[in-house]
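There are two complexes below, and they share subunit A, which is joined by subunit B in the first and by subunit C in the second.
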Partner chain A sequence: MSFRNFALKAVLAAAALSVALPSYAADPVKIGVGIAKTGPFAPAAIPTLNAYQMWADDLNAKGGMDVAGTKRPIQLVVYDDQSDFTKEAAIYEKLITDDKVDLLLSPYATPFHFAIVGVLERYKFPMVGSTAASVQLRTIKPGNIWFPTSAIPDKMGPELVSLMKKQGVKTVSISTLQSPFAQEMEKYVKAALTDSGIKLLSSQQYAMDVKDMTSIVSAIKKEQPDAVLSLSFPADSILFMKAAREQGLTAPFQFVLVGPTADFFGKIFGKNLDGVMTMGHWSPYQTKWPKGMPFFEAYSKKFNQAPDYLDVALAYMSCEITEAAVAKVGLDKEKLRKEISSTTFDTIDGPVKFTGVENSTTPTMFLQIQDGKPQIVWPPKEETAPFQKKGPWVN
Partner chain B sequence: MDQIASTQLLLSALILASIYALVALGLNLIYGTMRLLNVAHGDLMMLGGYFSYWVFQLVGIGPLWSMFGAVLLTAILGAACYLSIVRYVIGNRELAARLEANSLLIFFGFAIIIQNGLSMAFTSDPRSYGYLNSILAVGDARVELNRLAVLGLGTVASAGCVLFFQFSRFGLATRALIQQRDAASLVGINADRIQLLVFCVGFGMAGLAGSLVSMTETVTPFGGFPYTISAFVVIILGGLGNLGGGILGAVLLAIIEIYGVALTSAAYRSILLYGVFITVLLIRPQGLLGRSAR
Partner chain C sequence: MKERALTIVSIIAALALFVGAPQIVNAYWLGVALQLLSGIALTQSWVAFSGLTGYVSLGHAVFYGAGAYVMALLWQSAALWEILVASGFTAAALALLIGYPALRVRGPYFVILTLGLSELCKYVVIAIEAALESSGRLLFDTPDPVFLYYIMLLLAVLATLLTWGLARSRWGAGLRAIREDETAASTVGVPVTFLKIMAFVLSAFIPGVVGAVWVLRTTFFEPMQLFSPTTSFTIVTMAVIGGSDGAPGPIFGAAFIVILSELLWARAPQFYLVLLGILLISFVLFIPRGIYGQLTALAQRRRA
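Our next item is the complex of A and B:
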């Protein structure tokens, strides 16, 4: 064989190999996400995306995702929904039909989940949701979407009232942001207060673009309630807490719906966060859930801030559930649907099993910040620390 | 009713008014002088806020010092924006004929660049820091020191700006430009120079407002828009281009927000606010202190 022939054959062989190799090497598992990278929801949505990214990076570092026994690398395909839920359906349709993703992760916030239900149904594409919470979730036909949260207002309302009763609360004042979730919460708290023995002193709603809550807190302070419920979102939660601190609101039971577990709250309020109650059903300090603390530490190290105890935990749980289901049955949609609907999954938040679209194993819980750490204080069988009365505000 | 007479509410109204006034001043200056709708104004605020946050995190220097850097940074940006884009648009006869509409597009683009630039540099996570957050008793009220600092510095900066434009030679020339653009040029006023300086001052005021507000609120790349809206409400209420009117508009807005809520319900805040806004425009379309176009 002449050198020329040999070289030609070698080049052809190499070319043939290079064409053939990818079919033997593992193709990436394409996972699609539409999420708010820009716009007003972006600050809250980015930690959710961080959780997805951390999960993907970790799996890739370990050799990839286990797809029914075969390890394949993960490729996240992420589109910015620009905080506009009317764009979400088109994004998820593109992910399914154009990008031909193998799996989907969920967008941020309830309206964005609702926006894609029709697309998931049309393409029979199963997806585990994350940061959606509303009694309306139960109106969705089960089969292609599941919600790991246990923070549903019609369950939280009665549980919160039970907790207040146990702490000897006799009077309560409520302020509520005019947003669907907060208003749902207000509705179910007020319903549970009827015949509870706790007197509702006042309940006032305020608009989303509020810039100062001095008047609201001033009126509440005058009523001297045992409990104050601020059914607020992060921006107005800050305004509420600042006004409460300035005016020295002394109610021993102070509940702020969304915000206190976010990292930046600690930076603003420091020791003054201690004693504040909030919604949430995850804590890394729960020793029953051994995956919790390693996740907390890994996230804190990677992003230089603690994970939000609600949104980030839910986002990561959705990844864990997807991962476990794919490991068992692969990427077949029908098998995935059956697997997710029927299996109990081990997550950072303990075991999760779905009944219909709802997480039916994780109980409704409440957190309280104690020494800077969010601890589970309700229900008693899940508590990581006993409830403490809110102490005086620190100057 | 005793709640209405409390120092707590009065202080809160004054603090809010000082923020609104400061935010609106820069917007008012640029619109008054050149009829440019700077919809990136709130984003420039966030830029100033991020600058102070970054300096505090990096070297521990608070916004009482870093606000000068924030003003400088945004003023330089204002100069760059004027020299590179606005001057060309004003100088081009065709583009100048649609100046207000064009300015909306230019500043909308500018806003997107700032938002995404900040998002890339700092991520979209809300940023905040604790600074001057001890509580001070003022009469029967208790207020965070940083809010008092916002009140003091905001008032000084706003009053200084208004006085400067009222009594200085430069201010006189600017007002002449606002009132009669062509006549002002005919009597030898250098419109180009004044416009450049107005851009620097207008942008700088936004940077200052952002730096001060970062002490009391979180900053996010997309958090500027509500401030832009508030600033537009304030300057339209007070009279477009009228700096004193802008301050009056800011005080009125803050009074509605604090006392309107205290007297009625927090649920009525937006109804009260925009109700007064529409009423004022129906009675005085030119704003409270604006001149009617005749």
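Our next item is the complex of A and C:
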């Protein structure tokens, strides 16, 4: 074969290939994310980034994202914020102005969401949030950010007290981490306890750098409360549960705010996690939400660990909402804003509709780990299993 | 004479470049320039005290955080300029309060004490915020980044002038004398305590204002991060790498770190911190005068 002949064949083959791949000839939809891949938030943030990645991979495997009728491949542009929210505004500004992304997904945790509110506003760039919850989010002007969570402290406080009343709780002891979200929760639980008939035995706060909770737990144990609320984040939730296990805390109602929904909690505490209550509004065992279990199974298979029932579910919901809105109206910011503000979206967590910046359809719920599975035990109309008293800790 | 003209021309050129930058670069690179200017302002302020006296302060994060806190508390309840000035004075007052006891010890004791006091201040603010039932503070309708950029430019210029003026003054000579031998300086009549405390207070004012501007950029105040000791470590790193015996060093140091971080943070975030550590050790061991000190030494050697 002469060189000329070879060259001709090569050109023809290339031409044939380019005809054979019409769907990937489309420009990719660039989707930007700034998230903690390193630093103290990384262990909790990476599972949510995994949810984004799984969503993008699945869509690409199906030929791409539906942009108002045209399928286009997805390209995620991810930057590490190093768990420092003061870097987040610059990162999202870079994504918008330098990388010129078409869409944005949210960072991990409340302060990081709050840090980019100004940037989204300035560039009129709509983004569906995920792992952020605070009563403060209602002060944000609606239109560029929405929060799919229903775990907002001023709603959770009264609901938690109602649940305790229903379970016959007469006395409660609270310990609270000095961190914005936990403190908000403490405030609204305490407000709801007044005139509830439940007696608050003690309430104490501790600093972020707490290394041991033995003395806090032993003081609570002495009070013999019916309910113990540990308003804690993953690191101190572990300290609390370890101390509770060592000392055999016997309260029948034990609530741990953030942590028990994460896969590694099951690995650390095994059977001891059974009976522990926590916040959350998603369970794959809710048969009303048919998308839930397939998502749970796909995620568990792909990453070899269960998704966090709170954070990962929220991250995935934000993808589902973005996907549905783009399928309908394309990438135009103004149309997206209208679509996200007005439509009811079908997600793994059931229907979601926003009023202002807030999810107004999903009720506030609580989960209890039973036989290693997250079951919804409150409110009664969403229940996937009845509440069970916390059994004895095993060492 | 020729060298002096060259220096003046390059200063004017650099200033013109910074003034014109918002018209030339996009929003992202303006953000990088903002970081560079804040780095220069913070490091100059640090050099004005620590570089000249040899008292290594790891407490500058407190002044920065205090300024940010004042802004977060007062935003939209007073004029911007009033809050900026209040932020600076709060930081300076804090420096007076901290400096009075802290400046009685020297060397490693002073380093540890400033770090400890800055952590103490951080937890005091956390406790105050907890008592106020505040869960972080969101700042709405903050000024345009271009406007913040010009404020930061002004701060960087003021901080440079402060270090430059101080280094050439009688006061600066006194501070250097303290660095070389405090006891000897005191013996020959240098009012060491007064000079040290005044320099410390002066070097706190600008970081306070920088923190206030920065929280307008971040639009969210949360004490754990705005009082983070990382700010102090970054300032010291910039000073060590650039050189800490006068005004040009911090400019080199801040530019070096900001450019390095720009080149690496998106592509290799883990590697960036490792490299920073290696660089810091190498500079301390092999180039203790910093980039600027080394350049001047080389130039002098060539002339000789």
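Methods note: the second predicted complex is superposed on the first by the 370 of 395 C-alpha atoms of A that agree within 3 Å, B and C clash if a C-alpha of one lies under 4 Å from a C-alpha of the other, contacts with A are read in each partner's own complex, and residues count from 1 in each chain.
Throughout what follows, a residue touches a chain if its C-beta (ideal position, glycine included) is under 8 Å from a C-beta of that chain, and two chains touch if they have at least 3 such contacts.
The shown structure was predicted, so the numbers you read here are calculated from the model rather than taken from an experiment.
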| item | value |
| --- | --- |
| Subunit B versus subunit C as contact partner of A:F147, first or second or both or neither | neither |
| Subunit B versus subunit C as contact partner of A:A207, first or second or both or neither | both |
| Partner chain in contact with A:F85 - subunit B first, subunit C second, else both or neither | second |
| Contacts of A:V117 with subunit B and subunit C, given as first, second, both or neither | second |
| Which superposed partner A:K37 touches (first subunit B, second subunit C, both, neither) | both |
| Touched partner set for A:Y52, first subunit B, second subunit C, both or neither | neither |
| Which superposed partner A:Q178 touches (first subunit B, second subunit C, both, neither) | both |
| Contacts of A:W378 with subunit B and subunit C, given as first, second, both or neither | neither |
| Shared subunit A contacts, counted only where both subunit B and subunit C touch the same residue | 37-38, 178, 205, 207 |
| Subunit A contact footprint on subunit B (complex, rising order) | 3, 6, 8-9, 12, 15-16, 115-116, 119, 123-130, 134-135, 142-144, 147, 216-218, 220-223, 225-226, 230, 257-259, 261-262, 265-267, 269-270 |
| In the complex, subunit A residues that touch subunit C | 37-38, 79-80, 82, 84-86, 88-90, 93-94, 96-98, 110-111, 114-115, 117-118, 122, 134-136, 139-141, 178, 180-181, 183-184, 187, 205, 207-208 |
| Residues of subunit A that touch subunit B when the two form their complex | 37-40, 42-43, 45-47, 83, 175, 178, 204-207, 209-216, 218-219, 222, 234-235, 238, 242, 245-248, 262-264, 267-270, 305, 393, 395 |
| Interface residues, subunit C side, partner subunit A - complex | 26-29, 31-32, 35, 123, 126-127, 130, 133-136, 138-140, 142, 144-145, 214, 217-220, 222, 224-226, 228, 230, 265-266, 269-270 |
